[in-house]
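Common to both upcoming complexes is subunit A, partnered first by subunit B, then by subunit C.
After this line comes the complex of A and B, so read on.
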């Protein structure tokens, strides 16, 4: 059986109550398909009873054992040691973007406060549908697999630099309510989600798609929330203004008119604020031409655009229908 | 084997990041890769068009992919966001025949040839690391990097979502590291190689974007990087041109030369700095290149 080295981040309070961080190494001989959680339990039982971590269901359903495993946040119970060993070494650390309490345990309070911020329950209101047909769940079902483990929140590149950002899991949950026919406040939700720290602060890095152990694809839900928000007229912000500039340019020029894109995204005042950056870019000739190259046959796109405006087609991805066993 | 591609440089490489296009064309010529122009190709719409006009964005992508298909060639790009956008559409076209049929129904009415979903979307970097004979590449290296410590910055849209990226993306992708080794450099391992450059929130979340740039660059520098390379014109813009604004935002000096992968590859091939547009870089790499005898 192969021997694995576990390099574990130990976080413990010193005499003054200040958290101190260090790495400690342990070795174990294990079959390749052992889960990281089983390995941790073996370490705790046989080598060091002080290693602290959370775990519960062992079946990738409770989300308790999420931790950084070799650089990415994963469920320890769902991860085989062989898939994450780098030259025989497996590095374990607590989830990021959350306060560490001890060793591999974090305070999940901030994460759940973001979930509460989006009001994770159906609300009464004027948009509540009287009947629910079976196709209406093709959007809801995308995100109901979420187990609130926080893997996406821990790996989120925007959360790393922003306290305000709601984060992928909570936004995916918000999409679930916006898509639910029984929800009475869909538009009000979209308005709130279009504000600072909401859907427009996502970098679109897709880290949450690859980190999610349940294939929820939070970023895809965020993209759909942006579309729905703009459709409801919540277009007053750099994010939506920037998004809306694209289809105008593509029809007119074929390419983006980067020269006027700035002004259209952040407005005149914003552009003046950006002037310092613009001068900095100008020093190396990095200011676009006001007349971008025009693609051949760009008029085809104008026709296509008008055809689609007249007869819209639904291209949204749909979740597979879940048939109860 | 002849390597011929329909070449899709993307908007940034035609405007503010011209040097990436110059470098790509120059290295491709040396490596026997023929990049054929796509005169009808428009902007791919990036992450934005998919949000504002989802069906139109797929039609725009289908029109671009169809032009390459009509040439009988796969498409190669040098922008990660174009790569992801076109790969995403292509993935859907290949897996959802009814969707392709609907989109073709619209574009053909405008006189666009129907797309048959027969081609693949590649990054030029993937072509160079996976399709060019490594022996040929080694033979073309006239000025090896002599152990230069190079931080690979992959960029999100070169890696994720792994599902759609022709099996080249994902967590285990190492193509940029392999290229650095081939050039005689030492790839630097650092936290940030697969993170976000912030380009797409540059205007909506300006402070956060600058913090991302600073964190990525400083992590690379702390890990010993002398220079950073990326395969993306947008990452180049963020990590290079916006490095000074990032320094101002976080109040720390960074001064890490950042360049497009094709520029460093071109330098190692002995192509002139003028051809590669080295003078257009915001953080001048000349001293680092000279110290390692690449310049």
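After this line comes the complex of A and C, so read on.
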């Protein structure tokens, strides 16, 4: 059987109550298909009883054992040692973007406060539908698989630099309520989600899609929430203005106009603040003409757009059913 | 001479932000024997943000129009993109139209307005995939005339060529193609743990300080690992990581001044091309560290 080295981040409070971080190495001889969680339990039982981690169901359902495993956040119970060993070494650390309590355990309070912020329950109101058909479930099927493990929150690019951002898991949950026919406050929800720290703060890096152990695809839900928010008229922020600038350019030129994109996103004053950057680009021949290349077939594009705006066809509801793992 | 149908995208146009990528790509293709046939009258790929008004379908239809034109003009050929955002948008549209019959039908309702139709068949490829699959590492190495010996380079892949599709055959967590390209020019690829992190480019206009904080971390990681230059396949990454260094230095009291170039620029230089062929005169942060190889 192969021998694996576990390089574990130990976080413990010193005499003054300040958290100190160091790495400690352990070796174990294991079959390749052992889960990281089983390995951790073996270490705790036989080598060092002080290693602290969370675990419960062992079946990728409870979401307790999420941790950084070789650089990416994963469920320890769902991850085989062989798939994450790099030259025989497996590095374990607590989840990122959350306060560390001890060793591999983080305070999940901030994560769940974001979930509560989006009101994770159905509300009464004027938009409540009387009947629910099967297709309305199909489009939220993928988000209902979320187990709130926080893998996406831990790997989220924007969470690295923004406390305010609601985060992928909570936004995916918000999409589930906005899309539920029984929900009475769909528009009010979209308004709140369109504010600062909401759907427009996502960088769309797709990291959450990659790190989710349940194939929830939070970023896809975020993108759909943006579209729906704009359809309800919540277009008065830099995010929606940026999207509208793209949209209008495509209709007008069939092409994206880098010259006016900034100005229409952040306004004239904002553009002046960015003049320094623009000047650097200008010196290097990288500021395009304000009258860009116009696609000859731009009339074709306009007719396509006009048709689609008159008769929006909802592609979302045609998403294929996601089969749960 | 190998021919491919080519979608350049808005940022590759004359005087646009990735004009130096386009110039160096053309020089690279000339040396390698690739002819890129631009689609006549292409339109914007709609990137991933053109979802305002009319739901998701306008975005897919924009790419479908390009596919229809490519097929009319060139038949069932591979459609090659160089811009990461264009490639991602086209790839998504192509996959959905190919595999979701209802989406295909809706897209064709829209295309009919322009007397076009598209039923699938286009294979969307990134130029990087063409280099790796159709030419191979040995061929790329064989072209080297001036090896970039001793140059320490951080290979920054970014997100759009990595998630959710990724360059064919590459790992999502630790793609190696860019490091291999760096090594193929004779330079040294330094370890770069942030290689697949996001530069926050999509928010550079709307939440600039947060995006700058993300870029700061990317730059710091490159410097900490001893890189003299950062190389990337993505025009969004190149622009953000390069031109905001001054602003980042102001915001965070740092002192970054590290050139950010495209893989195509490194290839052209190592294959004996001139400074101008590699479009290195169009860097905002001057790439003087490369001058000794020109």
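Methods note: the second predicted complex is superposed on the first by the 303 of 325 C-alpha atoms of A that agree within 3 Å, B and C clash if a C-alpha of one lies under 4 Å from a C-alpha of the other, contacts with A are read in each partner's own complex, and residues count from 1 in each chain.
Here, a contact is a pair of C-beta atoms (placed from the backbone, for glycine too) under 8 Å apart; a residue touches a chain by one contact, two chains touch by 3 or more.
Please read all numbers here as calculations on a predicted model, not as lab measurements.
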item	value
Three-chain arrangement built on subunit A, subunit B and subunit C clash or fit	clash
First (subunit B), second (subunit C), both or neither touched by A:18	neither
Which of subunit B and subunit C A:162 touches, first, second, both or neither	both
Where subunit A meets both subunit C and subunit B, residue numbers	71-72, 157-158, 160-162, 200-207, 209-210, 223, 226-227, 230, 237-240, 242-244, 246-247, 249-250, 253-256, 258, 262, 265-266, 276-277, 280-281, 283-289, 292-293, 295-298, 300-301, 303-305, 307-308, 312-316
Residues of subunit A that touch subunit B when the two form their complex	71-72, 157-158, 160-162, 200-207, 209-210, 217, 223, 226-227, 230, 237-240, 242-247, 249-250, 253-256, 258, 262, 265-266, 270, 274, 276-277, 280-281, 283-289, 292-293, 295-298, 300-301, 303-305, 307-308, 312-317
Contacting residues of subunit B [partner subunit A, same complex]	11-12, 14-17, 39-43, 45-56, 58-60, 63, 84, 92, 99, 102-103, 106-107, 109-112, 156-157, 159-163, 170-171, 191, 195-196, 198, 200-201, 203-205, 208, 211-212, 215, 237, 241-242, 244-245, 279-282
Touching residues on subunit C, where the partner in the complex is subunit A	10-11, 13-17, 19-20, 41-44, 46-58, 60-62, 65, 69, 100, 102-103, 106, 109-111, 113-116, 159, 163-164, 172-173, 193, 197-198, 200-203, 205-207, 210-211, 213-214, 217, 243-244, 246-247, 281-284
Residue ranges of subunit A touching subunit C (in the complex, touch as defined)	71-72, 157-158, 160-162, 200-207, 209-210, 223-224, 226-227, 230-231, 235, 237-240, 242-244, 246-247, 249-250, 253-258, 261-262, 265-266, 276-277, 280-281, 283-289, 292-293, 295-298, 300-301, 303-309, 312-316, 318, 320
